[in-house]
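Step one of this worksheet: look at the structure below.
By written order: A, B, C, D and E. Residues from 1 in each chain.
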Amino acid sequence: MRTALPVLGLLAIIGLWWLATIVFGIEPLLVPSPADVVASFLELPGYLLEQALITLWEAVSGFGLSIVIGVPLALLIVGSRVLERMFYPLLVALNAVPKVAIAPIVVVWFGFGISSKVLMVVLVCIFPIVISTASGMKSTPSELVELFRSLDATRTHEFFKLRLWHALPQIFVGLKVSITLAVIGAVIGEFVGADAGLGYVITVSGGSADTSLAFAAMALLAIISVALFYGLTWVERKLVPWAEV
Amino acid sequence: AAPAGQKASQKVNYLTSFGTFGRDAYVYVAKEKGFFDEAGLDVTITPGTGSVDVLKLVSAGRADFGVADFTATAITTAKEKMPVTVLAAIQQRSLAAIVALEGNGISKPADLEGKKIGDQPGSTNQVMFPVYAKAAGIDPAKVQFVPSAPPALPQLLAAGQVDGIGQFVVGKPLIEAAAKGKKAVVLPYGDLVPDLYGNALVSSKDFVQNKPELARTFMTALLKGLEYSIEHPDEVGPILKKYQPTQDADVASAEVGLMAPYVKPSDYSGRVGGVTEARVSKIVGTLVEAGAIPAGSLAPTDFVSFGSSPK
Amino acid sequence: MITLSGVSHSFGGVHALDGIDLEVGEHEFVAVIGRSGCGKSTLLRLVAGLLTPSRGRILVAGSPVTRPRRDVSVMFQRPALLPWRTVLANVLLPTEILGLGDHRDRAHELLELAGLGGFEKRLPHELSGGMQQRVSLCRSLIQSPQVMLMDEPFSALDAITRTELSEELQRVQLARPRAVVFVTHSIDEAVLLADRIVVLSPRPGRIHRVVEVDLPRPRALGQVELDEVSRELRGLLVTA
Amino acid sequence: MRTALPVLGLLAIIGLWWLATIVFGIEPLLVPSPADVVASFLELPGYLLEQALITLWEAVSGFGLSIVIGVPLALLIVGSRVLERMFYPLLVALNAVPKVAIAPIVVVWFGFGISSKVLMVVLVCIFPIVISTASGMKSTPSELVELFRSLDATRTHEFFKLRLWHALPQIFVGLKVSITLAVIGAVIGEFVGADAGLGYVITVSGGSADTSLAFAAMALLAIISVALFYGLTWVERKLVPWAEV
Amino acid sequence: MITLSGVSHSFGGVHALDGIDLEVGEHEFVAVIGRSGCGKSTLLRLVAGLLTPSRGRILVAGSPVTRPRRDVSVMFQRPALLPWRTVLANVLLPTEILGLGDHRDRAHELLELAGLGGFEKRLPHELSGGMQQRVSLCRSLIQSPQVMLMDEPFSALDAITRTELSEELQRVQLARPRAVVFVTHSIDEAVLLADRIVVLSPRPGRIHRVVEVDLPRPRALGQVELDEVSRELRGLLVTA
């Protein structure tokens, strides 16, 4: 039952998609049928999986780095009104810059290697993590904050023994939004300067109008995302057993 | 709206090849000079985003006409059986080129060996490189292509991340402007592979079949604009700027000036826009040879409407 | 130990406390009673340094209260347990924050005493209301502060447990006297435990009367002398 | 003070940026100096503002539509385990598809008009809204849920009089993440098949290597985002006075 | 009106209630007392249909309880107020949900009675603990159900307010009798209000004894006859 339903949902969508391609006679060039996509995948399964692993690795490293940077940043923002007022708007502004547009600059500075892709991932991921962590920590019930105050707890204690724990469920919401964005960030990084990864596959197939291949790559992206997402959900269940998720 | 007395104007959608640069400005010239009005056409111009996107939009009927790279059109039609057809060749010679900066050790095709060239995967420049290399007598395997997105190319070149980039010949003024004083070295494919067409005016097969008159009328008016442009390049910049304020008029005029010999080469006696079956066959042969398409997958008439092309 | 002079407090529009003058000795147990909403909790939070008085001065151990002090413990009216911590970990929280070293044994002892033996590993949401309050009580008892502030510590407890725990509190206070301010709704409890009882008048809270309880210790509930004081207090509450 | 600090932060960053372009001698082609960007803007102020308004309008309509679609979707997901299991993974998968890659398909189907841009915005915005709304509604304290149960409240009452209200602070976190993405979504929509809007300006300037113009457009984007973000924050303050934001 | 036969309940490992048999008449006021954590709240939640018993059957008005009923009102141990609603809107919540029409006047009346006049427009976090509990009480009184379940409604109140409100409750019950199950920690309160008092034994909660209070109404706190029953109950609680 637990696994049957998602599979059912998937089948429903694939069925609809297939039906649509047949009924509306959609050009395979525009939207290939599921069969075309599977055929495309089966032509190069090993290669595609290899590319998927590369993208996965970029996404996961960037995501990890985003947590490492984002959570302390949120701590700083919650800890100091001045920092919040000064740098929150900048963070918002940074997030509003279309990553596709600055990808070239990132590649020029960080080269064609993995670092430019990881940086793209971080740029995409950091905002949801910071904002959800900060807002979760701010919403700590006042009675608990008073308890810590009454114990004359240090800032560090207040953050690490209270606010961060309280924020965990909300942090996970931010992480879940971020993880799917992470995959996109890696792909955008690969669009600009890479010779491997699913983003590269999509660019190449775009250049040769091989839409089925592009769809196969995107299906792999979707699978990666869903896997990462439910991985996170699992970690959440283990880590936040007191919250009714 | 059409002036009183004329027959009601017909609405037509048109996609440029990429953006609204000088090389695509002739459509605005045709509009500005009233060529479309005279032909009873009301043309909506939308900036395109590259050959494949244009082909998709045209084959899906979102746009009636578009401009796409001739080679890309051939390859895409061969592989994907896209229902598009070429009406005219905008440039008689390919604009594709490798562009480098002076002082980077590239001044002739032979210098390319052992260098890094940035280009978009699947671009004409990359696909046709083996053919070009063969003509130049160099080993294509010794040139490393670094895949990269088009907007990033000038920056990568200027920053020295790559030694050369795939570009159109007309991009020279832009690159030089970007590289701050450094001169650009341009190695046009057309010098060594003169048979390749540049961009092509495409439409969907349905459209050409159902409205051959309209297709002809539009093509004629557009080519009139093209011809006017290459004859009066200085006028083109200001006209473009009028429609697209972000464009630099001088750069646009310079582009058109550079493009002129490709639209109408000195040794070319045919009409502007003409396509001949002989040359198309040759190109298809070259593509097969370069491994871009399988042998026998494409006949010239599959993707060119010789019947409608300019005579 | 604690000195309040002319302390008033308002919450935007609501005048909660007005002109409170009070002195609590170093080893004195002072109970505060008054109608619901008269400002008892506010008074404790002022002394604890969690609120700043709108007017007046508060001294603890001779120095003005500007922020919470480590030698003052507070037990709040609501349990305020951390939902992600087990009962045991909740009780140990103050020792972690104050850096008091290993108090596991003491925590187990306190929990046992409060009838919570066997629930150490449970999370707060698995406890009944009264059990949560007892955890909160254990938590406030694990420190050994100079000043204890307690806000209705036994309100969610049944008569028996309440008697047991208040007698335990009396024992603790006899063994190692501290300054205690104890808010309660139970007059009997106040009389059992307190050296002095402050009766507050309803909103805005003013000191209506201070009653000395000059009876020998240990006292036991149901003693006739206590009942007398209780009756007096009941009268005072009505007229307050 | 309240406005001084953000301005200070902005000035600090602009100063650093300027310094960097001078000290490291960064090519204006790569990263133009603030002066270049301002000059670019002053060349065509009216035109750029017009384009900014177009993008703003697309982003705001798409954002509004995302709320209209996303919140009921979240209600459905919270209301039914079956729907959650069936369609949540699909939503995750949809979110993982790089929007840049499907932009051409969207244009093919929805045309060159505003609708394709609005759809792109919705595709980008919907996920954070759904996930934050759903997670906020799920975290309603059990004592309040029990209260509603004890009154034999209908699902509708439980959602509209309890869960939605409780979730409001978290919904706003999702909205804040979405609003900056909305602007990006509009820009991505404008990358393909548009002749107006800041995304178009960026594409054009990319093609002509006019980096200052691209930066001017991105600065406008950032300003739009920050304005929308703080607009939302203001609405939140008015609407959620009981939560300590 | 309410029939429990052989009702037991366990929460994963914790055996809360064991073999409860109880009958509550249509107009009967039954008080439940017992040590903290013995399962009183669990008992109420079972009758309210918020929990399903591990074993046994519960009938209300003749039909088995499978889910909450509209003719049963519950007042919880914790106030459970909606933080975004004003005091007045919180009190009116049941009337909105049950579609009972305009009860503003009644709500104002109840709030006035509970000493909350003037606080109608405040949000819950601006109230003291006892005031929140009184809001919750008003909310449960605004319905006119067949069955009222109340979990320590007066625990956070001072002696005076408690007396006032329990006397009011007695008046209400005399004027329009209902089936009431009333959990309390105050023995005096139980004796004042109840027709029968159920004494539960500590974990797992079993019925230790049921005491009939056969005294004429209205009763008043401090009556000598009541004290007698109180003393008996205190003894029962200790031995339970």
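Following the convention adopted for this analysis, contacts are C-beta pairs under 8 Å (C-beta built on N, C-alpha and C of every residue); 3 or more make two chains touch, one makes a residue touch a chain.
Which protein is which chain? UniProt says A, D = NitT/TauT family transport system permease protein; C, E = NitT/TauT family transport system ATP-binding protein.
These numbers were taken from a predicted model, which means no experiment stands behind them.
Novice: Give me the set of chains touching chain A intersected with the set touching chain B.
Specialist: Looking at chain B and chain A together, the chains touching each of them are D.
Novice: Please identify which chain has its centre, taken as the mean of its CA atoms, farthest from the centre of chain E.
Specialist: B
Novice: Please give the pair of chains with the highest number of C-beta contact pairs.
Specialist: Counting C-beta pairs in contact for each chain pair, the top pair is A-D.
Novice: For chain B versus chain E, what separation do you get between their C-alpha means, in angstrom?
Specialist: That gives a centre separation of 84 Å.
Novice: Chain A to chain C: how many Å between their CA centres?
Specialist: The answer is 50 Å.
Novice: Centroid of chain A to centroid of chain E, CA atoms only: how many Å?
Specialist: 50
Novice: Can you list the chain D residues in contact with two or more other chains?
Specialist: Residue numbers touching two or more other chains: 30, 108, 142, 191, 206, 243.
Novice: At least two partner chains per residue is the criterion; list those residues in chain C.
Specialist: Residues 78, 125 of chain C touch two or more partner chains.
Novice: Which residues belonging to chain B are in contact with no fewer than two other chains?
Specialist: 56, 60, 151, 155, 159
Novice: Which pairs of chains touch each other in this structure?
Specialist: Pairs satisfying the touch definition: A-B, A-C, A-D, B-D, C-E, D-E.
Novice: Name, in rising order, each residue of chain E that touches chain D in their complex.
Specialist: Spelled out, the residues of chain E in touch with chain D are 45, 48-50, 67-70, 72-74, 76, 78, 80, 82-84, 93-94, 96-98, 123, 125.
Novice: Quick one: in the complex, what on chain E touches chain C?
Specialist: 11, 14, 33-37, 40-41, 77-78, 115, 126-131, 134, 152, 155-162, 185-187, 234, 237-238
Novice: Which residues, counting only chain A, touch chain C once they are in their complex?
Specialist: 143-144, 146-154, 157, 161-162, 165, 168, 240-243
Novice: Residues of chain D touching chain A in their complex?
Specialist: 2, 5-6, 8-10, 12-13, 30-31, 82, 85-90, 92-102, 105, 108, 127-128, 131-132, 135, 138-139, 142, 169-170, 172-174, 176-177, 180-181, 183-184, 187-188, 191, 199, 202, 206, 214, 218, 221-226, 229-230, 243-245
Novice: Per the contact definition, I'd like the list of chain B residues that touch chain D in the complex.
Specialist: Residues 15, 18-21, 45-47, 49, 53, 56-57, 60, 62, 150-151, 154-155, 158-159, 174-175, 177-180, 244-248, 251 of chain B touch chain D in their complex.
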